[in-house]
Amino acid sequence: MSLRNCRNVKVLEVSPVGQSKTAGGFFELRLENPDWDGWKPGQFVMIRPASWELDMLWARPFSISSGDKASVSLLIQAVGRGTRRIAELRPGDTVAMWGPLGNSFAVEPDTPTLLLAGGIGIAPFRGYVEQHPHPENLALFLAHRLPLDCYPYELLSKTVSSRCMLEAKPSDLNCIIDTMRELIREYADKGGLVLSCGPTPFMRTVQRFAAEFGARAQVSLENRMACGVGACLGCVTKDGEGHHVQVCTRGPVFWADKVEL
Amino acid sequence: MSLRNCRNVKVLEVSPVGQSKTAGGFFELRLENPDWDGWKPGQFVMIRPASWELDMLWARPFSISSGDKASVSLLIQAVGRGTRRIAELRPGDTVAMWGPLGNSFAVEPDTPTLLLAGGIGIAPFRGYVEQHPHPENLALFLAHRLPLDCYPYELLSKTVSSRCMLEAKPSDLNCIIDTMRELIREYADKGGLVLSCGPTPFMRTVQRFAAEFGARAQVSLENRMACGVGACLGCVTKDGEGHHVQVCTRGPVFWADKVEL
Amino acid sequence: MDMQVNFGGLFLKNPVMTASGTFGFGLEFAPYGDLKRLGGIVAKGLSLKPREGNPMPRIAETPCGMLNAIGIQNPGVEHFVTKALPALPWKDVAVVANLYACDAEEFGELAGVLAGEEGVAALEVNVSCPNVKEGGIAFGQDPAQIGRVTEAVKKRAGNKHVMVKLSPNVTDIAVCARAAAEGGADSLSLINTLSGMAVDIRNRKPRIANVIAGLSGPAIKPVALRCVHQAVRAVDIPVVGIGGIASAEDALEFLLVGAQAVQVGTANFLRPDFAFGLADEMAALLETIGAASLDEFRGSLQLPL
Amino acid sequence: MDMQVNFGGLFLKNPVMTASGTFGFGLEFAPYGDLKRLGGIVAKGLSLKPREGNPMPRIAETPCGMLNAIGIQNPGVEHFVTKALPALPWKDVAVVANLYACDAEEFGELAGVLAGEEGVAALEVNVSCPNVKEGGIAFGQDPAQIGRVTEAVKKRAGNKHVMVKLSPNVTDIAVCARAAAEGGADSLSLINTLSGMAVDIRNRKPRIANVIAGLSGPAIKPVALRCVHQAVRAVDIPVVGIGGIASAEDALEFLLVGAQAVQVGTANFLRPDFAFGLADEMAALLETIGAASLDEFRGSLQLPL
């Protein structure tokens, strides 16, 4: 009746990402594809390893980064207890997975489209680039804190025009913000589309400049989630009218002028 | 200041036991030896894998089955959640271990000594046989419910005179009880020593016949434990005077006439 | 095994209900299983007017549990009646409305709105509101108020079954249970969440904007079982067990101490298809452990003399 | 970082104490660490006469927690004074006696026996006795009784610091806290265990012979934090936080909500050397998170306006 389902799937592969390998705690998790008809970039899955038993009750949400008939790939940064334990999974382990969940990024094949990624916010853009009919209309900007070779940057930079900036010291941040300002102004001017994914302060910056220059921009939120299906109301954000709406079902992608961050 | 300590040790090996391998869920867990000066057969350790984090709070008690300067071996049957998760440990995993704990079986080198084991109760007797100065004075009787090749029987039967009986149907139990009766009577008559380890009903049978024939007999109890060090008072049994005493520190070995089962 | 239950005029195909606030209006879970496989669906808490609920953050994970202070965000009872209820398969699964208000009159009004709705099988009265005010005693912790609210709902509920949901944050759950029974409750459901809190030592703030929140999940199961045990012995009306159920075995534990049915809450977040198979698993487990029937098993806990 | 604490005349080298009933008389743990590294040792519950405690089974594991109904098995206060106390390094670590009785007179008598013991730094009054009677309300759940017991102990305690240990199984912990403070308590410690239960669906029996038991461990930490938060705001006397502490971070959470010190209970069972290193780990963590000092950090929780 629906594309979504919940299945036990097997882990196919857990592999470090980037040339520096495990340094930044980035890895790619490849799981069996549980009979999906399809998915759209920006959508996510909830995954919960069977080995968690009763401690850590909640599954964790991750953007679908790539996938085909056989497998689903997630790009994950180990930041806490859950993601660290996910990094320890081995091929053959069982994971409960439900999805594809949520809405997706706007795709306008012929519109110049800027992808703004903060750190692991790059994950959904891999799929976006892969599925986009005209990748020559895409440009990627990655703001990163760890050395570039920690990130799955090359997966995208081979296909689309890409730029990246390291935030190592406070003054770097100003450079990044200035660059984002210029980029967003540029895309506003040419009637382009700005899509962004990253930590909340990063999203706020996008939102601010999009408003300033009237850019059509989308932000993808990473609110903490319990159910992922719209039931618990733990992940809500405020929409344009100040009403609480679920990020998992009404998002994770919002038009920047239709959400309070 | 004491032989006992608590250390993080590494798992060296987890190997199925018996010819039928994993069939009965029996395995040998070999751990780094955490600088012990020595241990005595009948003593036990508490182990708690680091991976348990906060769910399953208690360590699990296991008899020391064998050991040298480099390693400590436990023979374990997977019967519940904890032992099943212990069976999934892999070399290199970290386990908190404290011990050696509790008292030990009587050793009288020149006395004919009967070892009565119920199922995995055979575990401490492996060490007993290995450390005994005159194994020719030892005889082992194993009562078992699963096929013999599930048990670490051969580890002992090569060294000491051994017998075993399968309890497959109710009438087998009567045979076993009759045999135990005859054996205990025999050892009572010749002034021997009877040592036993197994499930509580098995221990009760030993206790009953030891009383009937005046045999000097010891039983090793397997009460559920939380702390293993005498503090929680969760493992108590009644001593000869009806007082609650800790199995972990006052036992696990008791003279059969000095404990209520 | 026959898993039907029938108490106080409420018929359930099986003893598995989903707990309020953890299953939305039910429709959110339709992609993950057939709603008709459930014994009952307790809808998320309803108030007379729409509520935006508490500020964020509202949820936090704790050892084997979670905290929530959603603050009964809901679109109001009218929306439920006109939009959600018609979309639910209420002929094949008992749909229970969960009522939230902060005084007896408002509870009565809510009951009045729902009394005439054919699709509503029962009203569950949430007298707990543990999330809503920091500190202080919720009115659901006061037996006199529990009695008053129950009477008010009963008076306006027509022939609907009225289930009163009790808070565990009380000195004596038996007194609260009796207050609800004397107020005319057709059944009790318990427990609601335990009052709890979590803080972040790095930013030195509460992890929940509301500061005090409700603890649920496997961590609280021992408290829930104790409360159900005490309630079953305190009153003659049926009791529905809630709290930390995450397996068929957990569910049977509540039946063993005497519950007629159970509600599954937080476990719906572990995986969205959790509740659908539970009744079948319970039936299979009952056979495995040699129970003759659900009735034979229910309440058969052997207490020491 | 300086970790000393000093409240109501009680000096602790660091804020880590071990909780009553989980650390024996302390000596059981001597093989696993230097007792002098602890801020304090609360000895197992003491009664006037020796007690055999409850029948077995007395303990059960639960999700992230455990149940116990030991029933205050102990060799009596006399044994403690003559046998255990002299063997403890009480000059270098605060030894706190935990008093158990079921009426005010007996509490007074116990205090009288201990008041003259140089080795005893403080008396902790266990008014909770949650394990002892099935159902029914323990007298420690009644504020009036808490006040009466506190007075009785205070009257006979000489110049000993009197710490009153509160039960979380009450409708309003603030009322209990105030009752103890008004009774003259020098400090409060909380929480004791939550009242809980576990059953075995296979043999259809309670997993604890006493049926009702006390829940402890990480599962209850959110409830403990909430209670400590409420107690700190209800009274002016110092508060010691207890409940589910299993890491330095957990311990700091209790200090953040305003506790002066903490007690570690069930975590001593996770590994017997747990408590010894905790104060050092807390100090290191305080530096990591940028706290200027223990005093600066304590109670610095920022509440929403």
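Going in written order, the chains are labelled A, B, C and D, and every chain counts its residues from 1.
Here is the rule we use: a residue touches a chain if its C-beta (ideal position, glycine included) is under 8 Å from a C-beta of that chain, and two chains touch if they have at least 3 such contacts.
Keep in mind that what you see is a predicted model, and the values were worked out from it rather than measured.
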Between the pairs A-D and B-D, the one where more C-beta pairs touch: B-D
Centre-of-Cα separation between subunit C and subunit B, whole angstrom: 47
Geometric centre distance via CA averages, subunit B-subunit A, whole Å: 54
For subunit B paired with subunit D, centre-to-centre distance based on mean C-alpha positions, whole Å: 36
Of all residues in subunit B, the ones touching two or more other chains: 54-55
Residues of subunit C whose C-beta touches two or more other chains: 63-65, 217-218
Chain-level touch network, classified as line, ring, star, complete or other: complete
Residue ranges of subunit C in contact with subunit D within the complex: 55, 62-65, 67, 135, 137, 141, 169-172, 174, 194-199, 201-202, 204-206, 209, 211-213, 215, 217-223, 225-226, 229-230, 233, 244, 249, 252-253, 256-257, 285, 289, 300-304
Parts of subunit A lying in touch with subunit C, wherever the complex brings them together: 1-6, 48, 54-59, 96, 98, 223-224, 226-234, 236-237, 242-244, 249
Subunit C contact footprint on subunit B (complex, rising order): 54-55
Of subunit C, residues touching subunit B in the complex: 63-64
Residues of subunit D defined as touching subunit B within the complex: 21-24, 28-32, 44, 52-53, 56-59, 61, 63-66, 68, 70, 73, 217-218, 246, 266, 268-273
